[in-house]
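Given below, in the form of structure tokens, are the structures.
Heads up, the next two complexes both have chain A, just with different partners, chain B and then chain C.
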Partner chain A sequence: MIKPFPNINRRLLKDRLFKAFSAGLVLLILSLFLGLFAGICWKGLSSFFKAEIVLDLSFSKRYLKSTDPGQEQALNYNFILRKALQKELDVLPQTLEENRELMGLVSPTTDIALHSLFQKNPEILGTRRQISLRVSDNVDQTLKMKILDFEPANSLLTETQQEWLETLKDQDQIHQRFNTSFFTSSDSRDPMVAGIWAALIGSLYTLMVTLLISLPLGVGTALYLEEFASKNRWTNWIEINIANLAAVPSIIFGLLGLSIFLTVWGLPRSSPLVGGMTLALIMMPTVVVSTRSALKAIPKGIREGAFALGASKVQTTFHHVLPLALPGIITGAILGLARTLGESAPLLLVGMVAFVSQPPLTPMDAATVLPVQIFTWARNPERGFIENTAGAIFVLILILIGISMIAKILRQRFERKW
Partner chain B sequence: MAKMQAQKLNLYYGYKQVLQDVSLNIPAKQVTSLIGPSGCGKSSFLRCLNRMNDHIEGVRIEGKVKLDRKNIYDPSADLVSLRARVGMVFQKPNPFPKSIYENVAYGPRIHGMYKTQADLDHIVERSLTQAGLWKEVKDRLDQMGTSLSGGQQQRLCIARAVAVNPEVLLMDEPCSALDPIATAKVEELIDHLRTSLSVVIVTHSLSQAARLSQQTAFFHQGRLIEASPTETLFTNPQNDETQKYITGRYG
Partner chain C sequence: MTDFLIIILSCLALYSATLGWIKFLCYRRNLERRTVAHHYGLFPVSIFLISYSVCLLTLFSFTTLEDQGEICLLFGISAGVLSIFTLRPSINPRKWLERIVKALLFCCSGVAIIVTLSIGIILFFQTCRFFQQIPFSNFFLGTEWSPTSAIIGARPSFGSLPLFSGTLLITSIGLALAIPFGIISSIYITMIAPKRARKIITSIFEVAAGVPTVVYGFLAMTTVSPWIKKLIEGHGYTVSSENALGAGLVLGVMILPYMSSLCQDLFKSVPQALKDASYALGATTTETIFKVVLPASFPGVMSAALLSLSRAIGETMLVVMALSLTPQLTANPFEAVTTVTVQMVSLLTGDQSFDSPGPLAAFALGFVLFLITLILNLGAFQMVRRVRRQFGND
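And then the complex of A and B:
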């Protein structure tokens, strides 16, 4: 019997080899992604937990800074704190150095925290309270390293401080708490209390401005080019340039924002308005391209059907074509938004890199955004900030995944078949 | 009397001439069928009758098409009212991805042809009845038009076209995507529509042309070869090429 296909085995082998090769590539990419994600989780998740120390504080009237009723009432918080620590650890520091060692156990911003606590609850005056306070960054990091059983070359704490810490731990006065202030507070010099709230609000305002500008502009451009403009050399030229615009490095747009929006138009520096306008320029080509492909995907029959009934071009576009293209437009816009959410370079140029400890109230106020906040923190040497950097990256990635999922759900919900 | 008259119509797509000196009268309240091999220009001619070719890039038209003695290619002619008077049904059923009701109501809506909601309901019912679809869909008017079967979709498109009370209905191979049963229904429907309007139908089925139409026009290579009453054309064609085509001796 004659074999009909002499090379069939070789062909099948090639098939199998190619399949294995492709599967290998997919596995490689997946493992890289998982590795990245695991690394960020490993580094970042610890920033969601910070240690707190429970101290018995005396808010005696003796510690009032001024008894003058006209002035805002304030206590000598550092004094209260020192008294409490002295009593707890049974020490009496003599020198300035020793004093600093003692106070180095708690966060340097504790006095601010206590002041705002006092302002909210003035009735604590003249009482003793058990109050849970943030420890200092060095204490927090030492505790975390102990959990991981990791001994650093040079300790962050002095020997005395380490002894005190052991005492406090034995007295069960130190606890790891979920760090809600990471989400509710804004940037600070102290990594123990720094949070991403201002950056989140800044990002929200910036993205709103971006969306409000780039969506109408981009969709309008695409509609004009696809539905109304006649195909000639000029529209061809415009098309090519819009496609090229999508490939321009984003920092160039930052330069444009700096030279036009800030210098020529004199818009407020560091504001979400200018940042959003700059990002809108980056996002617009994406919107144009995705809208055009959504418009192209609509069957010719829909337009012809409407024209044949006597619908004008505008009626055909707005009654039939645009609603049908909407899922594609929404997906494109959301994906473009996801890209701009992660953008930091152009925003550095329009001044959104400032230290911002207050969330912006309007899009005209100085603000920062999440990726720029990550950039700012990453430059700080303190261990706590490295941890916070990873934590903020973790939040950013979660938001991006959430956005992609929303895009997918919207697409499935609106998708029409014909 | 002729409802529409094409006079010395020339059509170019870019440099390619698609129609050459076509002159044809479309009689009122009759069915005219256009036959001929693929690419002979019959569909292009049909699309000249409601200026659908205007939407194609690089198209050029010479000559006149008159509707009730008025040239529809006159610069002052209004495209919207032309298309309301000359409706069209396409080869592939193309209902809008909206409800059955909205599909039919769309034409009357954009032309403002009703005063009350009851008027519109009435137009929808009348059009669907005319298209022989009312009984099948009256309980599910809010369903998507695209959810119907192919034959029902095509009848929905016919209902959509007749909802604006056209005087002429152009049909571009309306049955080519349908099975024989659906085809029979649509044919019956066309025969019925003839009582109220003129129909021009492009078809590849000679038997359909013979069954349905009162006048048949044979196109070949962009020219109108012969147009005469259907019976005459099929039994006693004047032209050799027509003879060859209807006896199936063309490729």
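And then the complex of A and C:
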């Protein structure tokens, strides 16, 4: 007699083992992703808080740089600051070195901040005010490491500075504040005041240019391939080209942008216009693919109904098929836009790595985009910039997740089952 | 900006003028209008736009872009006159409009080909210029890469072998992680996982696939590479802080969602009848996977692996951030290496002029990269086509 299933138990065990193995592997991958991004977000969160120091500053008329009324009035801010710090800490620095140590407590851009404050309210001249100022990057990092219970290998501050810091903390003059300037200010040499505003605006302009170019081109290509062209060698050739363009490394497009848009056409270097045109070539295949699948989902009956009523091919396409496919096309375009937002390699080649401290006013001005800003900050050796990088990454990932959520909601709301 | 406004306004003026003009003609000759009224307006506007832009393009391709307002105005007026006088009550503008729309869509579809061709042509000519200065064999067989020689007066050397070996090392580490993990995770997602878990896992994978490469570069630079250095140096080996292993591993993690999504589409497209037949013969899930699904979709898995490879080779931001510029011909994953893309970025973001061999070398590297990825992509498409034909849903 033949047994129906000779070694069924062994086979079932194998089956179960493989299932458990693959589940474990997927779990490992998921925890890897979650762990890595949780790490970045944790690091990034600390960049949203920066320490500030409250000082009693005297804007006496004695500190005016020139008394000539015709000239723009300016005070000797560094001197005011030094006086206030000396009074607060009860020290009298003698040498240049000691002076530098003392001024190393506050941000090196404080004089600029004080000048703009003075220009906005000139009535503070001749009064004493309690003003909270940014501390220097080293002080901020030292304070944060204390919170995290993390002892650095070599201290960022000198011993005297650390003593001063303790005194100031005991007098309750140092506070952690939410760092709004991270979102409203632009790039700076000082990590304490650097922000992502210019990069955000640059990204916005770049994406606008990208969308304006790639959407008509991509939709046009998809309409031609799906609705008008018969299947022949030419359309086959176009399809292969589009699939290939989707898989060509993005840096190659950067080479194209560099040699055609910049060198041959002479468009302005590091402008959102050129960056957007380069990215449009990268985004076009995505738009074509998503538009084609949206068009394929429209049933034949719609087209035949339109034909039966006497509409021509073009009328059928533009009055009936395209409006019905629009939600799918828009969803695809939004997802493509999210991918393009993170693209940075081709932008490096068309010169969008420049140091940009002003948000661009038109698409022809020099600009940078968020991922490139992340790249430039990450290369900075200062600790504060590494923290800012993580903060910018946090913002970027939030924007990306937001965009894909919007696309998902749009798809759910407007999707029609035929 | 004002130029655009003027063009738009003149189009509108043309539109209304021609509507009036055609109405007048029809009325005078007692004719019925043949098609929808606005076709009579759209027809001259499109004729105007096309003839105007063709004139301007030919003008600017022969002369430099300077202030030539009078000639532009002349072109505009003559295009407008032409467009009004091409319109007669006897012609059918709808037919012509449809021809124009079709031609425009055809031109849109040609852009993809133009882009590919122009990439190829530009890279080819720049590479030719490069090889006029540097001999062919030095580039492909040389082992020393120093495009800007440190010693003043010494000749720069362009031996690209260390760069390609570095790229090979990084991509092989990355793919060794991404391919097996990608295949197994996609098997789990499509064949084994319960429905709810499938939704959660795919959405996490989607988010991970959408994360920009700079983020992965930052991870490799600040977390993974230092961690590997610390771990291995504890055992008494010397490890570079920009080691190839860290960058390669992060590259693998980055490509994994891409590979996984390609494989998921593939396994989903295996006909249900095949799987059902296997189950009906008494096979377990694992046996069905290994004896039916995987063999049936083998060419597809190969094409997914080729696409991942072409992506890994061309990956730029991650390696630019995580690796250094020191070229080394080594297979040791703990040493610092450099890749083709890193060198391209560093050569082209410098201040050298485009005629010096440095930037031209970047174009030569780009050309080789383009050819490699082109061949890989074409191979992958061929395999995908074979799978589709096999499953009968082409």
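The criterion applied here is as follows: the second predicted complex is superposed on the first by the 390 of 418 C-alpha atoms of A that agree within 3 Å, B and C clash if a C-alpha of one lies under 4 Å from a C-alpha of the other, contacts with A are read in each partner's own complex, and residues count from 1 in each chain.
The criterion applied here is as follows: a residue touches a chain if its C-beta (ideal position, glycine included) is under 8 Å from a C-beta of that chain, and two chains touch if they have at least 3 such contacts.
Note that the structure is predicted; figures quoted are calculated from it, not measured.
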item	value
Combined model on chain A where chain B meets chain C, clash or fit	fit
Touched partner set for A:Lys61, first chain B, second chain C, both or neither	neither
First, second, both or neither for A:Lys231, with chain B first and chain C second	first
First, second, both or neither for A:Leu324, with chain B first and chain C second	first
Residue contacts on chain A - larger count, chain B or chain C	C
First (chain B), second (chain C), both or neither touched by A:Arg413	neither
First (chain B), second (chain C), both or neither touched by A:Ser312	both
Which superposed partner A:Gly301 touches (first chain B, second chain C, both, neither)	first
Superposed arrangement, angle subtended at the Cα centre of chain A by chain B and chain C, nearest 10 degrees	50
Which of chain B and chain C A:Lys120 touches, first, second, both or neither	neither
Chain B and chain C, minimum CA distance [Å, superposed model]	8
Chain C-contacting residues of chain A that also contact chain B	312
Footprint of chain C on chain A - complex, ascending	5, 11-12, 14-15, 18-19, 21-23, 25-26, 29-30, 32-34, 36-37, 39-40, 216-217, 220-221, 223-225, 228-229, 235, 237-238, 240-245, 247-256, 258-260, 263, 266, 281, 284-285, 288, 312-314, 318, 338-339, 341-345, 348-349, 351, 353, 371-372, 374-375, 378-379, 386, 389-390, 393, 396-397, 400-401, 404
Residues on chain B engaged by chain A in the complex (per definition of touch)	50, 52, 55, 57, 79-84, 87-88, 90, 92, 94-97, 106-107, 110-111, 146, 157, 160-161, 164
Parts of chain A lying in touch with chain B, wherever the complex brings them together	230-231, 299, 301-312, 315, 319-320, 324, 416-418
Chain C residues touching chain A - in the complex, by the definition given at the top	65, 94, 97-98, 101-102, 104-113, 115-116, 118-119, 122-123, 126, 181, 184-185, 187-189, 192-193, 201, 204, 206-208, 210-215, 217-219, 221-223, 253, 256, 282, 284-287, 289, 307, 310-311, 313-317, 320-321, 341, 344-345, 348-349, 354, 362-363, 366, 369-370, 373-374, 377-378, 380-381
